[in-house]
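Input: structures, listed below.
The same subunit A turns up in both complexes below, where it pairs with subunit B and then with subunit C.
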Partner chain A sequence: MFDAPDLSFTALAPLLFIFGAACVGVLVESFWPRDSRHPVQLAVALVGALGALVSTLLLAGRGEVTADGALAVDGAGLFLQATIAGLGALAILLFAERALDPARSAFVASVAVPAGSPRDRELLTSPQVQTEVYPLATFAIGGMMLFVTSNDLLVMFVALEVLSLPLYLISGMARRRRLLSQEAAVKYFLLGAFASAFFLYGLALVYGATGSVRLSDIRAASLAEGTDVLMLLGLALLIVGLLFKASVAPFHTWTPDVYEGAPTPVTAFMAACTKVAAFGAILRVLYVAFGAAEWTWRPLIYGVAIVSMVVGSVLALTQTDLKRMLAYSSIAHAGFLLTGVLGLGADGEGSGLAATMFYLLVYGLTTIGAFAVLTLVRDGDGEAGHLSQWAGLAARSPLVAAVMTLFLLALAGIPLTSGFTGKFAVFRAAVEEGAWPLVLVAVLASAVAAFFYLRVIVLMYFSAPAGGADGERGPTVGVPGLPTTVVLAITATATLALGIVPGSVLDLAEQAARFVG
Partner chain B sequence: MSDLPLLLLMIVVPAVGAAVVAALPKGRDEVAKQVSLGVSLVVLLLAVLTTVAFDTGGERFQRTSSWTWIADFGVSFALGVDGIALVMLLLIGVLVPVVIGASWNDELPERRSMTAYFAWLLLLEAMMVGVFVATDVFLFYVFFEAMLVPMYFIIGSFGGPRRQYAAVKFFLYSLVGGLIMLAAVIGLYVVSASELGAGTFAFDALRQLEIDPGVQKLLFLGFFIAFAIKAPLVPFHTWLPDSGSEAPIGGSVLLVGVLDKVGTFGFLRYCLPLFPDASRYFAPFVLVLAVVGILYAALLAMGQSDMKRLVSYTSISHFGFIALGIFAFTTEAATGAVLYMVNHGIATGLLFLVVGMLIARGGSRQIGDYGGVAAKAPLLAGVFLIAGLASLALPGTNSFVSEFLVLIGSFPEEPVFTILATVGIILAALYILLMYQRTMHGPARGVLLQEDPAEPAPAGGGATATLAPPRRSLRITDLSRRELAVAAPLVALIIVFGVYPQPLLELIEPAVSATMSDLGGTD
Partner chain C sequence: MTLSYYLVLAAILFTIGAVGVLVRRNAIVVFMCVELMLNAVNLTLITFARSTGTVDGQIMALFVMVVAAAEVVVGLAIIMSIYRTRRSASIDDANLLKY
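The block that comes next holds the complex of A and B.
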């Protein structure tokens, strides 16, 4: 017989909200007249994301397992859901920017038209904008929110696919440099499918070893029977799948290409939200399911964290494109986040969970802000991402340069910015667990990383403007419309505020740092 | 008056001043200058008030106040001042108005605004005050790192031709040290959490910890490397000649006069009391670095042709003396070292200023581009001489007292190192006097030499005019009234503290004795 699972609709409210909005978005896409579709889609997506955000906040303090044990709506899950929903809303605002590109949107009007065809050129000048990106992004946000609360490897896999598939699609929708964008999408899809397969295989092996896909059952099984080869193999494969999504080196190779090729608002979305979702899942799998077998994975994560920090920081030094540089920076930050992941004891106690969640929030805000600034600096062919084009920017637009400087200092972890608070939190958690050699590597990697962030500041402030001499015009700094302005204002304020008075948000993370399951 | 939060005001006033100046519309340079000067004079006044109210026989830390800042990390916004920090506050109070006065008519690189320069200077002042008055290690660290940002922009935006390189080098060196210190700060916190139950960053609580010697050594190194880069000790010094020579004069003065003192201040405030065993263990190594630094930097100073680089190298040599005084572990030597920190700020600050005034006239930093200046600009040469003599610690100038104290205090403990260090004094006389002699005396030569305006040539006498060589003489104006006003206070301090250093010593000594008793002092 088939028993209906117990569903706590209150606890599911955030997910219902966001998936509801996504479904409405699909309907709007099919039935609403094209002329007025854009504002409606934007409104639906924003209402979905903000509604999800508000409902997570209202649920704060709950800790329950629902949907027949498949979902764990606990403090950590809700905090991460709120983070994803909030960052997702900011990213959607970036999607909606229409004042910057003369073609009125960062997304190609019709994805199916081959790049470079006569029809494609026609579309560049037509006022038509595409709106499919909103429901797709909403689905991705929903998948991410499901991902961080899933208490069951199978649900986690479903969520992984729900969040990944729309991302593959919207990565290929750039209006400018379409071939690069499509290449990025294909690369992301192929490698992402591989990673999903790893995850699925790991899931199967773990099921074989423990007889369950439920995280709590896996924990019980590992406690009762110890760990065997099958389970460890399964765990390793699961971790590979998750580390891929979190773009941790050595599973990072897709990151620079995809970040570079995808439309910048999408890059911002991926860099911020996907990271939160992936780390939420990593924390849950490692501590809820495999916390008892901690000694098996700790050395592995330790090593991967070092590799990621070193690879990210060192390779970023050689980049000449800002998007690629930020991509490598995100790999280095994934390493810093892993130091926070290691800052938990075997039972998931310790300040590491709160620290990692706080770091995810501040990193997400700063990185969305940084990519938003990237969308402002443009030349005739779209965004001017090459480092040399940013020379002397401060003389031309002091405000944009100042905001970018703030974000870069935060990414470098300079005190009085949110990045420092986050770094301090994760490093402290790691040292408390005795991982001080890792922290030493992390601070040295931070120093290397500071160099390339600093290089951008040097270019903006201390160099002569690009172009100028040989009569060529340098890039222009676009005047952003309302959506991007809102995003920049929120992210810059948050970056500064969480550096100077982080107390209340740290408290919130501390209180929320509970797993059930 | 005793209720006024003077220390907090000394941070807030310049920070607010910086915001006000930065918000001024473009082209309001005059207003910016006046506001900045006013703000910096207010800070000087506050520093003096703090000093007047300071009870030399009282508690070690006075005017303490503490507000919870980040409860989760156990961080408080805790301020307090001891004698050592107090004299540094006075130094900041004196140097910043002087620097602002000296930068009044600076010619900046094109497209740079004067308002931004003064805003950064004031922000730097707020950060510098914060570093010295923080009694919470986390807060200290925050100021220590945040201080880099204004200095970075001062060097990078307003400096000399190689300013980009110098600014980045400065920032990275300091940041590497700072980040290593961050690891040690976190380590210290974790140790305190395991010993006291709850982690804390409060200096007074951390001082009481009994830290395992092995852990002490690691934590000591974390703090020491950061401070040794900042101070800087050889071999962590290579950034200073670049930054010191490329920064605008005001930046150089504050960099060498105050910022670098944070390093030696850190040795005394944090390394010795928090890690006494490790300090004793590593002291011989530090002394070797100090003495090598004294001699090596002095030799390098002699080899410089660039005046600003030369002065930077003399500073590295002097920092060796300060480190020697601190790590000799006697109250006398350490008192001398703290006094040296103040005196060096005054003497080298003045030397940088006067060199800057000369450079502003000639447009070149090379010694070889000047000669015989004293004949045309006696005031400039006089100030130059006083600054130079103070720098080489001639008796009667302030530096003599401190250098003598350091040497006499170190000798009983470390005779060999002290004797070696004494050689540095002779070298100091050489590099200073050579620079003075080449630029100020001798035949007139160099970039300032210009043809006299041709006498009205007799009509049609073109052929005869080419026969007589054109008469050339130095074109140099002596110090203006503003420049005199800038130099006068420092000259006065050099002489006053040269003959009567007692007030400063009275402030410094109790704090140094307290430090030495934390260390389990030898005397």
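The block that comes next holds the complex of A and C.
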């Protein structure tokens, strides 16, 4: 009666690897003695992420639709999967940092203990850690990797939830400032569930209009019968759900709160990996499924991109907290990325896809690096995120200031950093598609954005050190342990290298830039 | 029998849910409104399964139920943790993060 679907296990290897590691992590959580659980969980999560990275690289060049049409393992999907797995491995290394905080970890010892209770104060300096963060993060990485290869709206919805649910949980697990962290989790959860309901209603309407949720069937139906109201309504709702995940401006309100409240390693993870996953899915939905209806969604994305760039850049100017500033900067970058999305021609031609994928990679690396530096500067109450506390940092710790300067310059898009190459690529793609007014706005927004990045640099190098005069101790710069050092070394090197010699990676992105399905 | 009544009912339920999320203040009630939206989608899916003569919609409704159940687990855990600290599930009280 039912035929078993054709499963190409080779093409599914990266997903099997990462989900396998996540399941092993759950078992370790149940059966391994608590005292030695942390290193084991870390090893399992890292093996999973790196194994997934290696297997995507080995699969490079494939292009096939598998699992009965539910998954499209193609060049673009594999490139994005490799990006997610690599960035995810870096984020997991940040999770594992235990040398910085006298409280031993960024994550709470026991989530179930109410914040502020006597037991909570006792556990503040305990070496115990809620090690569930590792399997949860691994599941989130798996969900993201599934998200960018899903060729079916239903699989995409399931992947969306698999990536979101663990993120809601781990953003509430900060060891310090637990109330903020829990508040961030509640906000993220309620708004995230709201947005996924919109995505789901869009899915239902598209199903009603076309009789299928397979992306290729939707494309065929829209070519054969044109687009009716039901389908357009469905498309609009799908886009709302996806833009929410990508934190694009009118749907961005959760971003600053969640980025500020979540533990900083988790913020790094969300800022880098979720963005890659969300844009992968946006590109796939827009071009594979609704490529034929291009002129109906193009003006919408055009407007949203402008709003996102302007809102992100202007509101970042008014921020006094570095984490919040980087959150608004991520909203602005989402707008720049949409510029690249519009740089893709009707049939997936044009350099927009390659440019967007390259931008996602360099933005992810730089963001993880910047958040890693944020974890180093601390005062008695955890991380010192207020701008005034960063004044004169260069005098106290020239190396940290120099690394942060590199990341900020890259985020601002200054030449000889990866940010410039990425921005240049997406802007060129958009101009080639005739979207030059959009690029004009993008360049102006970049100029505004450069101001607030440079302000931090000026503050670090040319201001009197914080807290020097009134006898208060300023923030200290922690000496990072091995994990954070490795992350900083990799991200800083990549940020410089991709700015000076981006050729090979750009070529790789261009070769990978195609969708099947 | 016209199936469009069911679609209209589903749209009304979805709208009630969406408005509820925006105006209600208790996290649990907001969450129930989200669930109402998901169930409105289920009704839509099943109606379309009937009108297009495919079973896909019914299967999808099952998927949605499973995902909604998982979401309940995660959501109530998060709301519980904040309630135990603050003794309140009002989302207006959770106002430490702003601007």
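Following the convention adopted for this analysis, the second predicted complex is superposed on the first by the 517 of 517 C-alpha atoms of A that agree within 3 Å, B and C clash if a C-alpha of one lies under 4 Å from a C-alpha of the other, contacts with A are read in each partner's own complex, and residues count from 1 in each chain.
Please note the rule applied: a contact is a pair of C-beta atoms (placed from the backbone, for glycine too) under 8 Å apart; a residue touches a chain by one contact, two chains touch by 3 or more.
The structure presented is a predicted model; accordingly, all values stated were derived computationally and were not measured.
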item: Simultaneous placement of subunit C and subunit B on subunit A, clash or fit; value: fit
item: Subunit B versus subunit C as contact partner of A:Glu432, first or second or both or neither; value: first
item: Which of subunit B and subunit C A:Leu205 touches, first, second, both or neither; value: second
item: Subunit B versus subunit C as contact partner of A:Leu440, first or second or both or neither; value: first
item: Touching partner for A:Ala395 - first (subunit B), second (subunit C), both, neither; value: first
item: First, second, both or neither for A:Leu165, with subunit B first and subunit C second; value: second
item: Three-chain overlay, vertex subunit A: subunit B-subunit C angle, C-alpha, nearest 10 degrees; value: 140
item: Touching partner for A:Glu510 - first (subunit B), second (subunit C), both, neither; value: first
item: Superposed arrangement (fit on chain A Cα atoms) - minimum subunit B/subunit C Cα distance in Å; value: 25
item: Residues of subunit B that touch subunit A when the two form their complex; value: 68-73, 111, 141-143, 145-146, 148-149, 153, 156-157, 163-164, 167-168, 171-172, 175-176, 179-180, 182-183, 186-187, 189-190, 193, 218
item: Subunit A residues within the subunit C interface of the complex; value: 111-112, 114-116, 154, 157-158, 161, 165, 168-169, 172, 178-180, 182-187, 189-190, 193-194, 197, 200-201, 203-205, 207-208, 211-213, 256-257, 260-261, 318
item: Residue numbers on subunit A that touch subunit B, as the complex places them; value: 354, 395, 409, 414-416, 420-421, 424-425, 427-428, 431-432, 436, 439-440, 443-444, 446-447, 450-451, 454-455, 458, 461-463, 502-503, 506-507, 510
item: Of all residues in subunit C, those that touch subunit A in their complex; value: 7, 14, 17-18, 21, 27, 30-31, 34, 37-38, 40-41, 44-45, 47-48, 51-52, 54, 56-57, 60, 63-64, 67, 70-71, 74-75, 77-79, 81-82, 84-86, 91, 94-99
